[in-house]
Structure formats: C-alpha cells, structure tokens
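Listed after this line are the structures, all set down as structure tokens.
In the two complexes that follow, subunit A is the common piece, with subunit B as its partner first and subunit C second.
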Partner chain A sequence: MLVDVVQNTIDGLLIGSSYALLALGFTLIFGVLRRLNLAYGPTIMLGAYAATWAAREIGAEGLALAAITVAGAVLGGAYVERLCFARRGGLRGAATARGPAIASMVASFALWMQLEEVVTLALPRHLYPFPPLYAGAPLVLGPFLLRVEHLVTLAVAVLVAGLLAGLLFGTRFGLAVRVVVDDVEGARCVGVNVPWVLVRVFALASAVGGVAGYLIAATSGQVTPMLGMWSTLKGLIAMMLGGLGSLPGAVVGGLALGLIEVHSQWYVGPSYRDLIAYGLLFLCLWLRPAGLLASPAARARLAATG
Partner chain B sequence: MAGPALEIHDLVTAYGAIEALKGVSLTVADGSITCLLGPNGAGKTTLMLTTAGLLRPRRGSIRFGGEEIAGRAPHAIVGRGLALVPENRLVFPAMTVTENLRAGAYQRRDRAAIARDIEALYARFPRLSDRAAQPAGTLSGGEQQMLAVARALMSRPRLLLMDEPSLGLGPLVVEEIFRIIRELNQEGTTILLVEQNAHLALTVAHHFYLMEQGRVTFSGDPRALAEDEVIRRAYLGSARG
Partner chain C sequence: MDAYAVGVLTNMGLFAFVALSAYLLLVAGEMSFGQQAFFGVGAYAAGVGTALWALPLWLALLLGMAVGAGTALLVGLPTVRLRGLYFAMATLAAAEMVRIFFEVFRYRREVAGRLVGPDGTQGFQEIRWVFERGIEPLGYLGLIYAILGLLVLGLVLLERAPLGVAVRMVGEDPELAAVLGVDVTRLKLGVAAAAGAVAALGGGLYAHHNTYVEPRNFDIMLGVHSLAYALVGGLGTVMGPLLGVGLDVGLLEGSRVVRGYRMIVFGGLVALLLLVRPRGLLDEATVHRLGRLRRRPRPGVPGGAPAG
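Up next is the complex of A and B:
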C-alpha cells in the first residue's frame, strides 16, 4: 500500500519532469510576449518528425536525433514567430495590446493545423517507432522500479531550469529579457533592441521544447500526429498551474501535473485521469487565478486587466 | 564648437491620419539647455519620442552631432549618445534600483566603469542609494523621477532629452531636479527640456521654443525678453499675444 503510494509519487514526479520541460519553453514565450503560442506543441512535433524521418531514411541515432529534434523545433518556432508574433515598432507597441494578442493566438492555431498537415504528408501512417533513449531494463531499488529514461528526463529538466535561470539573471541577454518583461517602452528607452530579443526568446523557448520533445518521443518509443496537441495541452496546463510566465512555477506546475495524473490513474482509473487533472486546474484557476507561484507583479497585472 | 548638438528640420510625425508634428524645425546648441514650452497637445512629447527613435517620423530630418538619425531604431540612437528621460518615467518596476541603473548601461560593455558610474550616481542621488536594493515600483514619484534621470545618465549621453521631469512632483523635489539639470549642464551635457512650468523652465534655459498645435510658433533667448512676455505667449498662445 505504502509502496504503491511511493512508487506512484516517484512516477508522478518523473513523468512531471517532462511536463516541466514543456512548460519552461511555454512560459518563456508567454512571460516575454504575453501571448499564447498554440503552435508551440506542433513545432515540437515538427522536430520529432524530422528526427523520425532521419532515423528511417538515413539511420540517424542517439544524440544526432536529439539535435535534429531541437533544430526542427527551432526552425518551426522561427516560422511561427515570423508569421504570428513578429511586430514592427510603434510606441504603444502591440506587445500589450489586446487585439493583436488574439490575432497572434488565432494565427498560431492556424499554423498548428498546417504543421500537422505537413508532418502527416511527409510520414502518413498514424504511428511511427522512435528509437528509444535506453533499451535496457528499469533500475530496481528495493521494491521500487525506476525507468532510466525518466531519470534522464528529470536530470535534463533540472539542468535546463538551472541554465535558464543563469541565463536570465547572469547575462546581458538575460538583462535585456527582464527589462522587456518589466516595461517594453522603458526597454526601448535604454537601448534594448526589442524585436531582436523577442526572436531570440522564441528560438530559445523552441529549443527547450525540442529537448522536451526528444525525451518524450524517445521515452514512449513512438511518434503520432497527436504529439503536437498533447505537448501544447500538457505544457499549457503545467504553466497555468504554476503561474504564467514564472520559471519556478513551470517546474512546480509540471511536477504537480505529473503527480495528479499518476495518482488519479491509480486510485480512480485511467479513464478519469484527464478529467481529474482538468478539474484540479479549474479549481486552481478559481482559487488562485494567477497560478501557484505567480509573482506579485503578475497578480497585480491580472487584477488590473480584470 | 563643432556645430549644434541637434538640428531638426521640417519634421512631420503622425498618429494614423492625425499629424501631431506639422513640420517642426529647431536647433539645440551644443552645451546648452534648450527648453520646449507649449500647451498640452502641442506635440512636445511627440517631438521627444520621435527624436529618441520611439516614433517614426513621416518625413523630415533629425541630425544629431551632424549625423542623420531620423527613423533610426532607438537602440541605434542610444548608442550614439542620446538618452531620453521619458514622460511617466517608465522605470522597471519589478527590478531593483541598482538593476535599473545597470539596465541604463545596457549598451556599454565596460563593467568596471559601469560600477564606478553607479557609485557616482548614488553619491549624486543619496535617496536612491538608500533604496538601492528596493524594487523601483515601490519608490515615491520623486524618487522614480530621480531614478529615470540616473538611468538615462548611465548610458553616458552627450544629449539628454527630458520630458516633463517635474510632472506631478512636490516643489522641493522639483527644485532638486532643476538643481541637477543645472549641474549636469555645467558638466558638459547638452539638455533639451520639455516643461509645463514655464516660469521654472526659463530660469535654467539658454534658449526656448514655443510649440502650438504641432508647430514652432515662437522662439528666443529668455534673457533677451521680459519674462512675463514669454510666459504670456507660452500660456495664451502667440496668436493672441
């Protein structure tokens, strides 16, 4: 009994670490642009399909597959950014205006559909195998089983979160990102090239998503055209649970989502898993609309916009 | 001296179909404090934003130190030595006072000199020094204005544009800001100042321009005119003056 609780908690945290990675990329884009990129998951899927194609056609394997996934996601992200999120100057710039934010979101939905069509044209079967990260048996620790792929994902998630924090708080680029987040017009006044920063944030977020996508595909050993929607949903829910635009919130939200899913699957049943996850998300947004770890600034912004 | 710091010629800036600047020409002499007076809606802020690159002009020329900068991106203009203290200050509210100052030096790479400049500004603005580790959003209006000035100075500008630095502040703080404006100018910084308080502005200005409805309607040397004449024009408009 207790063994089950502990095993489920371990599984939840490990599965949640892939959600945390997805949410880290998502929250970077949202935190800086204040816009929702629905095509985030599909750009990850584009990367995973590019790697699948490379594995089938030219026998790519191992780290090369990870690199191809990341490169595909970054290219896909750049395409989405150019079409949906790039903006020209102008003082009361579009970054905070409500109309263009909705236009960006709707446009990113259109590109989601487009990217799904592209990958299913290139690789039309519903399911393709993806070379696994690790072919051996899981680690046995007393009564507990640990999948090596999950441990790798956890380690990568911790590493990526640490690198992002170091980048944001220890570099000149990080300073530029933080001033853009804090006040776009103030950032322009001190001489930050805002469009340049936005493009790089988008590329960085897509790269983080690509890392997540590779680990998810290599853990499940397969890709399907559902990967895009799945990544957007899991990343979005984890980000909303943790607090929009918050890096620690993305990690906490991802882990929390993993825990909720595994426990509810075990105690209530697999068919209720997502129902319970969405129910708790609803409850969380009701009680703490800005998320579990929202910054005071984010809460104030939410209050101001009603 | 090597010509004027700033030469604006026939500048037109529009918001959609509405022209806020309808062909403005003015000159800021190197080493001067030049003041821009005029009622609300005259286009003073638009002129400042266009000069700093935050708005694109429809036509016209802006020469800074002899080089054409009209329509350039703001980061290119800051790099050439022109800094704006914007109306409403636009400090970074969630970042500390020290981080705000570092952000002001965003385009500089000389870390040791940046650290020295921060120390020097803290000596000049002791009230900011007391609040160094506080988020800028928690400062009073006067402190935020000091911070906005200090942040602009971190880029080591040759020309400082100040848009209504006294707006909404108490008389003591305003007095301190004008003392600092005078000091900065004596140290060699050229200043273009937009100010609602014409009386105060004319105590520091070497030259002034009066703007109305997107045009320069009057200009002169405040010491060559009776002050009440200038103020009458500034408040009532030249047409009736």
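Up next is the complex of A and C:
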C-alpha cells in the first residue's frame, strides 16, 4: 500500500518532468509575447518526425537524433513565428478576444493543421518506432522501480530550468527580455531591439520544446501524429496550473500534472485520469486563475485586465 | 445534385452551427475553446430523445437545445468573469470533461427488441429517426438549411436590436458598457447559454444525419476549427462564420483538386489572411462600409439624405 503510494509518487514526478519541460518552452513564449502559440506542440512533432526520418533513412542515432529534433523544432518555430507572431501589432493588448492576440493564436492553429498534414504526408503510417533512449532494464531500488529514461528527463528538466534562469537573470540578453516583459515602450526607448529579442526568445522556447520532444519520443519509443496535440495540451495545462509566464510555475505545474495523472490512474482508473486532470485545471482557473505559483506581477496584471 | 455535393453541403450546414456558436461568444469578447462540447451534448440529448424516448424530431431538437443551454450556463457561471486565455482554457477543460463524461456514460434501453443508447467509448448507435421515416439526404439537407436560415434571420434581427448592440459593446469594452448601465455578467451568461443552444441544435441535427455519434467526434479539433471559421469569415456580421465554413468545407473539401493537401492550403491561407485582416474578411469596418454603401441615396432622388 505505502509502497504503491511512493512508487506512484515517484512515477508521477518523473513523468511530470517531461510536462515541466514542455511547459517551460510554452511559458517562455507566453510570458514574453503574451500570446498563445498553439503550434508549439506541432513544431515539436516536426522535429521528432525529422529525427524519425533521419533514423530510418540515414541511420542517425543517439545525440544526433536529439540534435535533429531540436533543429527541426527550431526551424518549425521560426516558420510559425514569421507567419503568426511577427508584425502583428507589436505587443499591445493582452490575450483577450480583441486585437491581434487572438489572430496570432488562430493563425498558429492553422499552421498546426499544416504541420500535421506535412508530417503525415512525409511519413504516412500511423505509428513509427523511435530509437529508444535506453534499452536496458529499469533500476531497482529496494521495492521501487525507476526507469532510466525518466531519470534522464528529470535531470534534463532541472538542468534546462537552471540554464533558463541563469540566462534570464544573469546575461544581457536576459536583461533585455525582462525589460521587454516589463515595459515594451521603455525597452524601445533604451535601445532594445524588441523584434530581435522576440525572435531569439521564440527560438529558445522551440529549442526547449525540441529537447522535450526528443526525450518524450525516445522514452515512449514511438512517434504518432498525435504528438503535436498531446504536447500542446500537456504543456498548456501544466503552464496554466503553475501560473502563466513563471518559470518555477512551469516546473511545479508539470510535476503536479504528472502526480495528478499517475495517482488518479491508480486509484480511479485510466478513463477518469484525464477527467480529474481537467477537473483540477478547471477548479484552479476558477478559484486561483493566476496559477499555483503566480508572481505578484502576474496577479496584478490579472486584476488589471479582469 | 450528386450524393457528393449533398454530403459537402450537409457538412457545411452542420459546421455552420458550431461556427455561429463560437462567433456569438467572440462578438461578446470571449474566446471559447469548448463549443464542441455543447454540439456533443445536443447530439446525445436529441439522440436519446428520438431513439430512447420516442419523441418526434422537433421535440428532441428542442430538448437538445435546452440541455445544451443548461450545460453552457453551468459552465458559464464560474467562468464568465475570466477573460482571454483564462476563459479559453477553462472552457477547454470543461469541454474535455464533457467529452470524457461521454466516454463513461452508459444509458441503454431495449427499444423494439434492440438495445440502444449511449455506450461509453463505443458511442451511440442507431439514432434512426430520420432513416426510419425514409427521409432522403436531399430532404434532410433542406431541413438543415431551413433551420439554419431561420437561425441566421433571427440573429441578424437580434444584431440590429438594442440587445445585439449591447452585446457588441460588451465585446468592445466591458468597463464602458458597465458604466453605461449594461449588466455585463448577466449579458455574457445569456450569450453563453444562447451559444450553447445554437451548438446543441447543430449537434442534434448532426446526430440524426449520421445515425451514429461517439465522444471522439467532439474533441478540441472541432472547437478550434469553429473559432477559425468565425475569425476567418469575419466578426462584423453573422454572415462571417458562414463564409468561413464555406471557404474551408465548401471550397477546399468540395474541390477535388487540393484533396490530400487541403490542410496545407487552408492553414496557409488562414495564417496569411489573418496577417492582413486580423478580424476576418467581413470585419466590422467592412460591414460598416457595405452598410453605408447600401444606404447611400441615389443622386437626384427626392427625399434623400438632408444636405450637409
């Protein structure tokens, strides 16, 4: 009994670390651009499919696959950024139904459809095997089992979160990003090249997504066209649970989502797992819309915009 | 008309209901990712009405609308004060909960020696009312468009009434509307319920057209498509969402040229179009200009506009 609880908690945290990675990329885009990029998951899928193709056609493996996934995701992200987010009325207007924010979002959905069709035209089968990250048996620790892929994902998630924090709070680029988040006009006045900052943030977020995509595909050992929608939804839920635009929030939201899913699957069965995850998200939005780890700024912004 | 054309036109008509439903909320300033749920609720409720309770179709459709509006109200009560992305996410979560509810919902009864009714992930089969009465696809197409026509007429009249103006005002600037004495929360709840009923009506018609529905029919793809239809067509007039549906389902699915590349073409078109027209083809400015064009008096006709 207790063993099960602990094992489920471990599994939940480990699975949640991949959600945390997805949410980190998501929250980076949203936090800076105040726009929702629905094509975030599909660009990750594009990278994973590019790696699958490389594995099949030219026998790429290991780190090369990870590099191809990241490169594919960044290229896909660049395409989405150019078509949906660049030159759309600057950064004015929050993500309300008015203004260019919703146009960006719907345009990114349109590109989602496009990317999905592109990958299914290139690799039409419903499922392709993806070279696994680690082929050996799981680690045994007393009564507990630990999958090595999950441990790697957790380590990478911690590393990425740390690197992002260092980048945002320890470099000139990070300073520019934070200035843009605080006050776009002010950033322009002091000579920050705002569009260039946004492009780099987008590329960075896509790269984080690519890392997440590689780990997810290599852990499950397969890719399907569902990967795009799955990544967008999981990243979005984890981001909303933790609080929009907050890096620690993304990590906490991802881990929380993993815990919720594993525990509810264990106690009430797989058909109710997603029901409970969505139910908690709904409750969270209702009672604490700024997220579990809302920054004071985010709460103030929420109060200001309704 | 060949069967293919009838099929495409039927699809257009059915999608129009969800697109209109998304449009209503967009006009009120809210972006819902969850209208597909009410489409599903309407489909299941109306299906239960005819297949299990032996109601006539019109009564079953009304039942579906009532359940759809009720569900929308239930979702709206806690979410209506959320805005933007928060509202979108809350409606998405609610819609996914509804979909998963249908995956575990079982309500089966023996009707005429056969077990019928919703059966979880197996879906809801044998919604045979239309089929049993020998109604041809063409006849049913006529019924769909008759109902759609009435609905659009009603919405056009409503848009010109003070109520419609108030809804647009709330969408433009809720604070200003509140200052001017509009009860913003109540109005938005009303719009949410109406949008739920509209989607549910489409769902009921859809269920009786297909004779079979399953929870997967009502996933987020349908919801985001309907948002895209409304936004591409334009937020200036009720005709906007219909134009959006026509462009995608009619022009692209209907034309056999782009088959297989439809999403690549449609996706690219939508993204490019929204770059130049962020509020769609028939946006408010265009509608206003068109209206002025029509009202402009012909030169030389007495009783035209006063000078100045």
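Methods note: the second predicted complex is superposed on the first by the 295 of 306 C-alpha atoms of A that agree within 3 Å, B and C clash if a C-alpha of one lies under 4 Å from a C-alpha of the other, contacts with A are read in each partner's own complex, and residues count from 1 in each chain.
Criterion: a contact is a pair of C-beta atoms (placed from the backbone, for glycine too) under 8 Å apart; a residue touches a chain by one contact, two chains touch by 3 or more.
Keep in mind it's a predicted model, so treat the numbers as computed, not measured.
Annotation for the three-chain superposition on subunit A: subunit B and subunit C fit side by side. Of the two partner chains, subunit C is the only one touched by A:V118; subunit B is not.
Once chain A of one complex is fitted onto chain A of the other, the partner contacts of A:C84 are limited to subunit C, with no touch recorded for subunit B. Judged by the touch definition given at the top, the superposed model places A:R172 against subunit B, while subunit C stays out of reach.
Counted by residues of subunit A touched, the larger count belongs to C, out of subunit B and subunit C.
Here the vertex is the CA centre of subunit A, and the angle it makes with the centres of subunit B and subunit C is 90 degrees, a multiple of 10. When the two structures are aligned on the shared chain, A:G191 is found in touch with subunit B, with no touch to subunit C.
In the superposition on chain A, no contact is made by A:E61 with either subunit B or subunit C. Look at A:L281: by the touch rule set out above, it reaches subunit C but stays clear of subunit B. Of the two partner chains placed by the overlay, neither subunit B nor subunit C lies in contact with A:D4.
In the composite built from the two structures, the nearest CA pair linking subunit B and subunit C is 14 Å apart. Once both structures are placed on chain A, subunit A residues 89 are touched by subunit B and, in the other complex, by subunit C. Contact residues of subunit C toward subunit A in the complex are 25-26, 29-31, 78-79, 81-86, 88-90, 93-94, 96-97, 100-101, 103-104, 171-172, 174, 220-221, 224, 227-228, 231-232, 260-264, 266-272, 274-275, 278-279.
Residues 30, 36, 38, 83-84, 87-89, 94-114, 116-118, 121, 229, 233, 236-237, 240, 244, 271-272, 274-275, 278-279, 281-282, 285-286, 289, 302, 305-306 of subunit A are the ones that touch subunit C when the two sit in their complex. Of all the residues in subunit A, the ones that touch subunit B in their complex are 89-91, 172, 175-176, 178-179, 181-183, 185-193, 295, 297. On the side of subunit B, the complex with subunit A involves touching residues 49, 52-56, 73-75, 77-79, 83-84, 86, 90-95, 99, 102-104, 106-107, 137, 151-152, 154-155.
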